[in-house]
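Both complexes below contain subunit A, partnered by subunit B and then by subunit C.
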Partner chain A sequence: MEITLLFQGGLNGVMLGLNYALIALGLSLIFGIMGIVNFAHGEMYMLGGYVSYFLIGRFGFDFFTSIIAAIVIIGLLGMLFEKSIFRPLTTRPREALTSLIAAVGLAWVLQMLAVICFGDLDRNVPSTFKGIINMGGVVITKERLVTIIIGIVLVLLLNLFLLRTRMGNAIRAVAQDKEAAALQGVQVSRISALSFGIGCALAGAAGALMAPIFSVSPFLGGEVILKAFLVVILGGMGSIPGAMLGGLVLGFIESFGSLFFAVPTVSAITFVLIIVILIIRPQGLLGHE
Partner chain B sequence: MKEKRMMTAVLFFAMFVIALLPGYTGKAVAAEKTLVIGTTLPLSGPAAGWGLGLSRMNDFFAEDINKKGGLKIGKDVYKIKTVAYDHKGSPSEAAANATKLVSQDKIKYLIGGVIAATGMAELPITQPAKVVTTSLWWGKGILGSDKPFSFRQTISQMEIAPAMYAWIKKNNPNIKTMAQINPNDTSGWDTAAAVRDAAEANGIQVVAQEFFERGTKDMYPFLTRILAKKPDLIDVAVTAPGDGALIVKQLYELGYKGAKAWTCGTNPVEIIKLSGNEAAEGLWFAYGQDLNGTNSSPETRALAKRYMEKFNEPLAPHHVTSYAMLEIFTQAMVKAGTTDTTAVSNLVEKMKKFNTSFGPFVLVGKKKYGIDRQFVHRMMLSQARGGKSVEIEWLPLPGLGLPGY
Partner chain C sequence: MNKRRRVTYIGCSAFLAFLFLIPLITREPYVFHILCLIGINIIFACSLNTILNIGELNLAHAAFMGIGAYTSTLLVMKLSFPFWFAMPLAMVASAIVSLALGILTLRFKGAYFLLFTFLFAELVRILLSNFWIDIFGGIPGLINIPRPTINIFGLFRTNFKSNIDFYYLIMVLVIFTIFVMRRIDASRLGMIFRAISQSESLAESTGISAMRFKILGCAIGCCFGGLAGSLYAHFVGIITPQDFSIHAVLAPVAYVVVGGMGSIFGPVLGTTFLMVLSNFYLRQLGLYELLIYGVIIVVIIRFMPEGLISLPRVVASWSKKLPGGG
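Let's look at the complex of A and B:
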């Protein structure tokens, strides 16, 4: 096999992996802090895409403004959902199950609202960074390159926030032990809301980043959520570095696998590999036992 | 006081019951009946571009007939009511919808199915109930003498592929190799076989054949492998509009400069918009008729204009086949004097040739499928040029003057 093909596969894997990781990061954060399996996470990604569609496509704003807007709007929406839907359920019996059902219901409602408001068909988001870079036969669009760079910046900013700020320390404390954190004076409900908002904001940012590359539709959420869960389970539930690593691992398996095998075979190989990894490390690659 | 309340309640109840009595007008009327036309389609998801227009054409037809006072079949006048359920491309949902349509809505005519895997799930429910289905289900198992109520309302891959590849080879003799990309389901597998046969019959070698899961967004991984085989032509075959537009766009991004074809190329306008003018440049569409152009009948142009005014979306050629089917079958019902599906199907088979708003239709298929249940109509090959779909010529199709069927 030609060496350029392998390099192309590697580059494809970075793009694919980063896409998966960005969506999964928020999901992992929400689960880690609140123990909620947020089935509506894919819809946050979808809504982020529509923020991009309207701001760039309809109102002529630039790409970076649309990313910031998606982060803010979807983040605030996430906080609203946490306060109004998920927080009241924390005092109910069988909290995990009721939260899961609420998340599924929220996903359906958001999808149907998107259909009603935006229509059923796929929508194209104009490309801001036109052109293709050809590096000796290995190609990448400028759009994808910018997306990779911004994606990496977002992940670094998230890590900086979690590791170097008071709020980030508080979030990590709550993730480790809610009660102990409360005893130390951490306002758990405020941290939960913030974490949910950040998690949703990340999904919204991913949606806004990917919208010019993949187009948007109300059903985008359902298409990405399965991969997001795979990444979170592979990386370790509640582990941020795990979500990053899981995304990249999945991206590279699919990308390199597709160079040699047909798509259905690659899907089967992917699932088998994930099962093998989970048998060896049931907590995921970087999860805690 | 208690008695007064009781009387009031009884009075209200009586009014309620009277209001519910079907067809009550306060005077003696002739029996006005309702003909329910059902459909189950992908009204959401990547294939919604196929399904929505088909469903809306049923609604348009119902509006048109009801505006004229209904359909006189035998002694009765029928108003048309349409029912549509979304199967999202899922065979299990399609089967559930078909069961609902047959047992609850009591439909006898199901017009406009699409995605063959859903058709295979619906036929075991509709056939025993003698429900006429007219569909765009592209698959070998859809028609047969064991399925006398299953009609295909438009050309399938079995008819398009030979005609399209004969045209491609004749006009582009430099094309020696091709790759095709299809969804990983019945429609995809059957189309892959038909396209392969057609390509090889015209001396074009198939160097790659790929199946992908519907809804995939990043096609780079498998497109990279296909491009390594350096095909002269890539056909996105029976891929749905949303997925296919992404493939076309990503092929362009990966630097592909060869020929492109779409055997099931419906909605050219929508596809060019989704994939981008530059990416779509040169793409051949088998369903490329310009419904607003001079090659379309005045009736088709009127439907296209009405659809755009109502939905702010372009009508696609394959959508209009549903309207044509309703014209054909209601014509047969009127002639037969009944809505009975056996009598109507037999009459349609006997009539064979029809003039519709979409143009002439011919019912063929005895040689290939064992029964005449394949409708053939004119197909315009078009090409994306400068952001527009430009008509090239009518494809020579069986039944319209050619032998073989």
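Let's look at the complex of A and C:
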């Protein structure tokens, strides 16, 4: 019995971890390219959830369409915000701080718009994949399994894009050194719009993925952004494998921790653990100075 | 220059006189409730500004306000200290915790420091809401916090039950805070802080120990954050861990950024503008309150990144662009 419990916890940990990793990847990407701590990132997750709610719940589309739609819609939205709000700030003094507060303002606006347009109720999204799979006592719903698989696919696609394509190389170049990249002919403004879009799209995808499992509400963003911060800190700022590892570590801590301790104790343990890790390795588990 | 300075002084004194005479215009308790909160937030925004001036953003600043609030409340309620001792002790407590945190975390710069302070803020909130509940009161927090009383040889006494009395107390402390901040700003210390914020390595090359002064700057800021916390607790009468969470620091950061960083008048202007706007004008809009508030913040930052304090300059540059303008 004990061993199945561990597997059960492990699977839930993987699912939570992938979810956190997707959100944190976007946050980390945006920070790496533009130096912006995007406080509105949680709201992108929330809006992704609503895309899924409307497409699946109201208009009867299938699960995969809703995820692709969330990626496209939230990605475009992110690019719009980058162009209209954040990019003009990057040339001004104290840009890190002003863009942070602009993001906070944007988060409030999006949250209240969601309350006004969609209501402040928790919305349930009907699940597409019904039934469970029983693997020798370890029980997982098909829905969660599909979520895990799509999460892995998305992370792999992002990795492939960043490592193997011209555009991906340009993004990594800008993250390393903006000026040097510009000297090599990389159009930095286009790259920053693109990375902002991709970052937001990842959060949107995570929101749409999780919508059938958890419910959707306008206030999702606030909690999610805190988790994403933890993952970024844990894994290392701007490191993609770091965000993956950080996400999984946080997912496991939460999933296993809640098997043995009460929730507040788990969060206190998590924070103390992360602070200790940071004091030993300030750049995070896989980050570099 | 001299004439301009005189105009500033006359303007400031006139404004101060106006603030002291507000009770002659209205005695509405709600107005004074909001004015008191504005005063507390001005102290808080100024203390945040001190830390911003050394080039760092402290996301745990509300947690330091919380440390001040809880220290002062517990001293008064559990150990029956008078408020007048508890308040300075709250300031000291915040400063001491910030020294400890500063030594641990100020090695990390920029975004890392930001994230570290974020962790600390969340840790404080979790500890206050879930542990030692018989002392800290858990998630519901502490209630029935008494207001201070004063009795000077029976000549002058008040229990500050009226918001107008409390308003005068807060105003004196706001003036005290602004005075201290101005003095620091004009001193050698202020110059060192500015040097560090502009270029830490350049400052260090002239023999300034950046780390030491950053820790000092943080401690000064957190000390006044503790003052704001103590006042908040005894004014509102209820404190909960949620009041001092990471979300509670974002609004004051917005005050500072919207008002304009650097000068002490920026935070004062920003706090007053945004709080008057939200409490007297946007309140009746219900759901649309936070929406419009957010839009205003984004628009101001987008078009005036140096804050409201740069308004005259921005207007001047616009009027130049207009056809026929100067």
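Basically, the second predicted complex is superposed on the first by the 288 of 289 C-alpha atoms of A that agree within 3 Å, B and C clash if a C-alpha of one lies under 4 Å from a C-alpha of the other, contacts with A are read in each partner's own complex, and residues count from 1 in each chain.
One rule holds for everything that comes next: a residue touches a chain if its C-beta (ideal position, glycine included) is under 8 Å from a C-beta of that chain, and two chains touch if they have at least 3 such contacts.
Note that the structure is predicted; figures quoted are calculated from it, not measured.
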Query raised in the report: Which of the two partners, first being subunit B and second being subunit C, lies in contact with A:P218: first, second, both, or neither?
Result: first
Requested in this report: Kindly classify A:V115 by the partners it touches after superposition: subunit B alone (first), subunit C alone (second), both, or neither?
Outcome: both
Query raised in the report: Which partner does A:P264 reach: the first (subunit B), the second (subunit C), both, or neither?
Result: both
Requested in this report: Applying the touch criterion given at the start, work out whether A:I132 contacts subunit B, subunit C, both or neither, answering first, second, both or neither.
Outcome: first
Report task. Applying the touch criterion given at the start, work out whether A:L106 contacts subunit B, subunit C, both or neither, answering first, second, both or neither. Result -> second
Query raised in the report: So, A:I85: does it touch subunit B (first), subunit C (second), both, or neither?
Result: second
Requested in this report: Answer with first, second, both or neither: which of subunit B and subunit C does A:I279 touch in the superposed model?
Outcome: second
Requested in this report: Identify the overlap between the subunit B-contacting and the subunit C-contacting residues of subunit A.
Outcome: 115, 264, 267
Report task. Could you pull out which subunit A residues touch subunit C in their complex? Result -> 31, 35, 37, 39, 85, 88-89, 92-98, 100-102, 104-109, 111-113, 115-116, 222, 226, 229-230, 232-233, 237, 264-265, 267-268, 271-272, 274-275, 278-279, 282-283
Report summary line: Per the touch rule above, subunit A residues touching subunit B in the complex are 1-2, 5, 8-9, 12, 15-16, 19, 115, 120-122, 124, 127, 132, 134, 139, 141, 144, 210, 214-215, 217-219, 223-224, 254-255, 257-260, 262-264, 266-267
Requested in this report: Give every residue of subunit C touching subunit A within the complex, in rising order.
Outcome: 52, 57, 104, 107-108, 110-112, 114-116, 118-120, 122-123, 126-127, 129-131, 246-247, 250, 253-254, 257-258, 261, 287-291, 293-295, 297-298, 301-302, 305-306
Query raised in the report: Within the complex, which stretch of subunit B touches subunit A?
Result: 43-46, 48-49, 52, 184, 210-213, 215-218, 220-222, 224-225, 228, 241-242, 245-246, 253-255, 270, 273-276, 313
